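Pasting in a structure now, in structure tokens, and then I'll have a few things to ask.
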Amino acid sequence: MGTQKPRDLAEKGSADAAASHPSSRDRLLQEFRFTRALTLELADPLSTEDMVVQTMPDVSPTKWHMAHTTWFFDTFLLKPNVKPYQPFHEAFEYLFNSYYNAVGEQFPRPERGLLSRPTVSEVVDYRTHVDDGMESLIAECATDTWNEIAPLIELGIHHEQQHQELMVTDIKHVLSWNPLKPAAYGVKPKVLRKAASLSFIDFEGGIFEFGHQSPAFAFDCEGPRHEELVRPFQMANRPVTNGEFLEFIEDGGYRTPHLWLSDGWADLQEGNWQCPLYWSQEDGVWTEFTLHGPQKLNPVLPLTHVNYYEAAAFAAWKGARLPYETELELAADTQDVCGNFLTTEHMHPSPVESLESGKLLQIYGDVWEWTQSAYSPYPGFSPAAGAVGEYNGKFMSGQLVLKGGSCATPPGHMRPTYRNFFPPAARWQFSGIRLAKDI
Amino acid sequence: MGTQKPRDLAEKGSADAAASHPSSRDRLLQEFRFTRALTLELADPLSTEDMVVQTMPDVSPTKWHMAHTTWFFDTFLLKPNVKPYQPFHEAFEYLFNSYYNAVGEQFPRPERGLLSRPTVSEVVDYRTHVDDGMESLIAECATDTWNEIAPLIELGIHHEQQHQELMVTDIKHVLSWNPLKPAAYGVKPKVLRKAASLSFIDFEGGIFEFGHQSPAFAFDCEGPRHEELVRPFQMANRPVTNGEFLEFIEDGGYRTPHLWLSDGWADLQEGNWQCPLYWSQEDGVWTEFTLHGPQKLNPVLPLTHVNYYEAAAFAAWKGARLPYETELELAADTQDVCGNFLTTEHMHPSPVESLESGKLLQIYGDVWEWTQSAYSPYPGFSPAAGAVGEYNGKFMSGQLVLKGGSCATPPGHMRPTYRNFFPPAARWQFSGIRLAKDI
Amino acid sequence: MGTQKPRDLAEKGSADAAASHPSSRDRLLQEFRFTRALTLELADPLSTEDMVVQTMPDVSPTKWHMAHTTWFFDTFLLKPNVKPYQPFHEAFEYLFNSYYNAVGEQFPRPERGLLSRPTVSEVVDYRTHVDDGMESLIAECATDTWNEIAPLIELGIHHEQQHQELMVTDIKHVLSWNPLKPAAYGVKPKVLRKAASLSFIDFEGGIFEFGHQSPAFAFDCEGPRHEELVRPFQMANRPVTNGEFLEFIEDGGYRTPHLWLSDGWADLQEGNWQCPLYWSQEDGVWTEFTLHGPQKLNPVLPLTHVNYYEAAAFAAWKGARLPYETELELAADTQDVCGNFLTTEHMHPSPVESLESGKLLQIYGDVWEWTQSAYSPYPGFSPAAGAVGEYNGKFMSGQLVLKGGSCATPPGHMRPTYRNFFPPAARWQFSGIRLAKDI
Amino acid sequence: MGTQKPRDLAEKGSADAAASHPSSRDRLLQEFRFTRALTLELADPLSTEDMVVQTMPDVSPTKWHMAHTTWFFDTFLLKPNVKPYQPFHEAFEYLFNSYYNAVGEQFPRPERGLLSRPTVSEVVDYRTHVDDGMESLIAECATDTWNEIAPLIELGIHHEQQHQELMVTDIKHVLSWNPLKPAAYGVKPKVLRKAASLSFIDFEGGIFEFGHQSPAFAFDCEGPRHEELVRPFQMANRPVTNGEFLEFIEDGGYRTPHLWLSDGWADLQEGNWQCPLYWSQEDGVWTEFTLHGPQKLNPVLPLTHVNYYEAAAFAAWKGARLPYETELELAADTQDVCGNFLTTEHMHPSPVESLESGKLLQIYGDVWEWTQSAYSPYPGFSPAAGAVGEYNGKFMSGQLVLKGGSCATPPGHMRPTYRNFFPPAARWQFSGIRLAKDI
């Protein structure tokens, strides 16, 4: 079992500064175009009907994601900066506002799937209309305007990237509820290697700095950078696999109350949970529904679609615990930001084989890793003024931090300081488990 | 005020017999083709997205109606009579079964709007597949098979006609929930005449026969023909108008508990009812949402989209009562079966002007008329054996009879003995009010 | 099988007239005292705690019944007729109003069990206060006042009798929910005879008069007296027994959808019904919870605590049907009004043995008998003006008529024209089944 | 503004050790008797009816608290240690188990108020039975048994103290729902002083130890003792007052979404919150319901019955924040454990006047103080084996820590390391606000 050195903070800081030369119009325009195109590419294999349906309040229709990401640029960039401004449709400000009270009333979230209009084709027209406006704005605005709006454009791009992940996980939920079990994306057979064998890596304790502090983009909740005390710990070399979780099931994990948090046990009983979301068993054979259709459960794949309660119960059963967000940030900081991120060719976690024992694997991509850290403000945090201040801060109760990104996270969207967050019962995201231990 | 003679029963019987020479293959084939084509014609102006959405458990998506009416022929005609039979898709038996326990499990009704697949286009293919099968079956089956299946084909045609009305009222509900308030069908301006002035027509009492008894098609619940005692009564010459109902509203009708049945008052308070479904008021101006989009409320149009509680409260306020089903059947029996039925050009009730005082108007078409008669079995009624026995009998609790058809009822679907039925709180059908009085 | 003659209507009318010499102050005073005392006698064996609890919205606490029946006299007799009037407590008008909108707002029905105050002892004081006032009013009021208030006092007495039955059935529900299964009343062992063997009695058809028309007391919904056409029919000689219903269960009655009305089947599945309310099975032995505690199920006892859906399913399984209210009124009219009514010594249906085949038994008392007749207004019915007009008329939707009274109906409360009414899913009353058949 | 020194840890440790000479039988027996008697004393002024009612799932009837605290000694002390053991009633193990899965099934929590039996008097008998058994056990058991059971007896005593607080807050909720607004306890008029003026006290940052580590009693969740990094901060000298919160209300605090956490704003809208629980306004006059009945709102009293969302919104409005649990533990550690704790004479928070500016006031008693720290396990925490391990650990999700005790916390129950916990929406406890700030 190897020991990782804590990151060299000075080195890190300068690397960040180099990586991000902020406000080049051309760079942002290319990122804007790339991101806008990827949304359409992700929707391309779907039927029109697929893009309308909402199978639970947490899920939004594909069509809505396509429109709401457009609404962001429309509302926060074009309306304030293009004079006079002719909106594509007066009602869209209300229809596609997700949760920004400062912008105005919102169409009720659980009813997004009750809207047949605007049609998919009209939403695509809306996208084109706003894209054209953005192209002009980026090309033509004065320098001081540019300096003001560039961070908002960058926020809009990262916002759309977040929705690309949600769009993909939402459509997975929609299709999984259909008894016909259709595949969203063509099955790309993949030669599946063995998973690396499980080991734990030692990390030293100490006082370290955490959180974002560089000119490169990050969400407001990732800062301010601040010190935290970390105790020595061990981190698993890779995420938990399907095979390992199957042992938990076969050992009666879902029927053993003392392994579970009280809220989780109550939800388990009410929802009659017996396995992760998207798993099913018939005649003793386990199947996992994927974006490429139903697949025989493969024990070497990283486990995914478990919620915090399942993750914590598994850890308790395994004699381990879930990591803190500080621990995962320290671990992530030792690695390059690369991994199994979003691509339309293979939208599922994959195993990584490694000959090198004690090497930290898959810290990025594949599955989001639940931490036991509440999603709460960093010391000194205060939300931005105005509507964009509603982006993160108001969600800082009742949720837990997840780290590292998944197979549905767009490439370029991840960094060590990234804090994703979901309530403990959520399991329709690509969320998995990496174990930790006290030393 | 004129007096109508009770119908000459003998004459009626023989007319019925003449009208229905039952089992000509050619006649049924023409009716089959006509009905199947009308379903597609009704769906034609809708967007694909419109056909997916379900805005409440009572509503079914257009796509589902298109598939379920096909399922009826598939399940009850093709499967038993074509050997060997290759179904279009194995899962459709389950997916598109509405409520036939004898056929098997049913996909949950409130979740029909969560199905994106099969797509609309696949459903159209399913229709073609079954239509082809039906054409062959009708053309080629032996005479004794024909004699056995002809009544089922006729039932299937009338079943599809019922769903055509539901399809139209369901899509109205779907579009009405959309803040964009789209029109399903092009607005066909209509020169609106005055409504006839309200009067009451006397009917004599006595013992009369009611219910169906002729070789022509009727649903099982319309028989057996039997005698009932009827007291002398008065029947309004026409349905209540929007203008008359507006007076009720302006007189505080929705705030006066003593006018309401207890269940209705409870629903009113919980749902905060203040006007009929599809009415809305802004700045003192009333608007009615129609299948041709929102329209300024026209006081001469027949009132529609009220439930039984609203109908009963209005009648109480007016010093009248709702008719019994016997009374409406007697009244209907004096008239030819013609009126404002379903056409894709104008899907809304219309007024009828009449110079002739005391003439019974609009007994057919425009709006279904609520009766105060519980939908219960006629003396001696027993449901047919097998799955089709579930068509009507099992719904004989908690519902009330409505008579006469509406502007969404396909032509050829109506007759005096027809018994439509809905629970007292339902108001998304074209249901209206015709008043009656004791003499 | 014998044949009953239709009643001699003239004779009946005169008998009624003789029986009711209306307004003697002394007679009413005695009835008032008797009824008021019986309420306390019924509550006497209960603990204070028993009188507080409400186990479902339909159930009211004993304490509430004791107060509400007092409220009736307080509100409708004392307040209008005693000047100046000092109410016992200002808030009681609101707290103990059941559903009289004309009196004012009502404390929410489902929350009656959340009120610990007034205490039982304070409610008893309230009863004494109002009883004293009533005694004075009856003794001292002028003759014209007396003529005006005597019918209201009579209504108040019958109202309290109705609540005595509800109080008893409600406390049964409360105790049955308690895992300790306490007995409300001492077990009085009863030598249980055989039940009479089941036979059917023929009745002739014709036009008969129905409903109340005599100076004796009846609720407004029992009139006006009017004619109805009745078809020849057969009526079972006695109610269905536990043993007969057990056969239905053992034949899979609760698992056979085609026997059930659609609403009933939906409720059955949601509520997982497998037997009548208060039945339970352990190790193959059936137990029935009674007001005298749990008892081994006795097959000769009349079946009770089934709802309309269960009654109709049983009748369908048995090849019979439920009677119309006209049929039961005709049958009841042939019998004296006596039977197993409310007594504190034995609160459960009992079998009646009869050597005489074809004799109509237990038409009164033991169990209420479900009819298939909707509870709707008789021709010409209109509710009384003012608050007491809310007594019956506003409940005329969604309910069915039951006839004959039960073992919880106070003696003196029953008559052939009596119309009890409950929604089809209600089964906490002593409701049972008497079968009928067409001839 | 003064500055508090961080606690001298060594000194603290030795003081703890001195205070707790653990296992004297006599000391524990006196504490047992005192605590058992206090429960009955608290219930004494209530009516029997008050002790039965449950006004929401979180609330338990007084009777249930009296029985469940007894069940604890019955189950964890008597049953395992008295042989042979004759339980008072076989069913009580199930009926009065709160949430111990290791003991067995539990009677459903939301239905505790549906149990009329056992009666209050039977519960008192149960208490006597168990008290007798405990007296004998304490007096007679062998030394090694004593060493084993003494910590469990101590746990049982502290468990009953916790339920004393719940019993008092639950009965407050029960009485507040009653339109008669009865007082639980006699009104003891109190000369109310001015509140101290608000100021903030500086605390230095550093690494400090937190959590329990002494032979004296503490709950398992208070340890292990461990180090945490604390940043310099300011702590308000006293809790927020009613008058200060009234300014928030009058400034539109309940109508300003940007002040609220997203979950809180959703709850506010659904519950139509406009003020703290137990406040009401009529004709511009604010009233606060207390255990001594309704009182005109006194602006100098400490604010109480706000939930975490209200506390956080108020802090945001005030330009401050809620403290971390570390900060409150540091502050508490500078004070003697005394304050306005539970007494039957005055059950409401009181103001404290202080001439000394910058003095930390009311850190104990009066109101629980919300922290922004999630209730999560301390590093190295693991629950005890067996059923008592369910006491705390399984609740470590979705809740927040509150510190300091309240006017309903029994004296002797508090200490600096005490961690109370409730979900963010809970407000029926005596929960208030102490502000903090970054330096």
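Chains: A, B, C and D, in written order; residue numbering restarts at 1 for each.
Simple rule for what comes next: a contact is a pair of C-beta atoms (placed from the backbone, for glycine too) under 8 Å apart; a residue touches a chain by one contact, two chains touch by 3 or more.
The model shown is predicted, which means the values in this text are computed figures rather than measured ones.
> Provide the labels of all chains in contact with chain A and in contact with chain D.
The common neighbours do not exist; no chain touches both.
> Treat touching chains as neighbours and tell me the shortest step distance from chain B to chain D.
2
> Between chain A and chain C, what is the gap in Å from one C-alpha centre to the other?
Taking the average C-alpha coordinate of chain A and of chain C, the gap between them is 61 Å.
> Taking each chain's centre as its mean C-alpha position, how far apart are chain B and chain C in Å?
Between these chains, centre-to-centre, one finds 38 Å.
> What is the distance, in whole Å, between the centres of chain A and chain B, each centre taken as the mean of its C-alpha atoms?
49
> Could you list the positions in chain D whose residues touch two or more of the other chains?
none
> For the complex, give me every residue of chain A touching chain B.
Going through chain A, the ones touching chain B are 47-55, 63, 91, 94-95, 107, 111, 113-120, 174-175, 177-180, 182.
> Applying the document's contact rule, which stretches of chain A touch chain D when the two form their complex?
99, 101-102, 207, 226-229, 231, 257-258, 260-265, 308-309, 312, 372, 374, 376, 379-380, 389-390, 394-398, 424, 438
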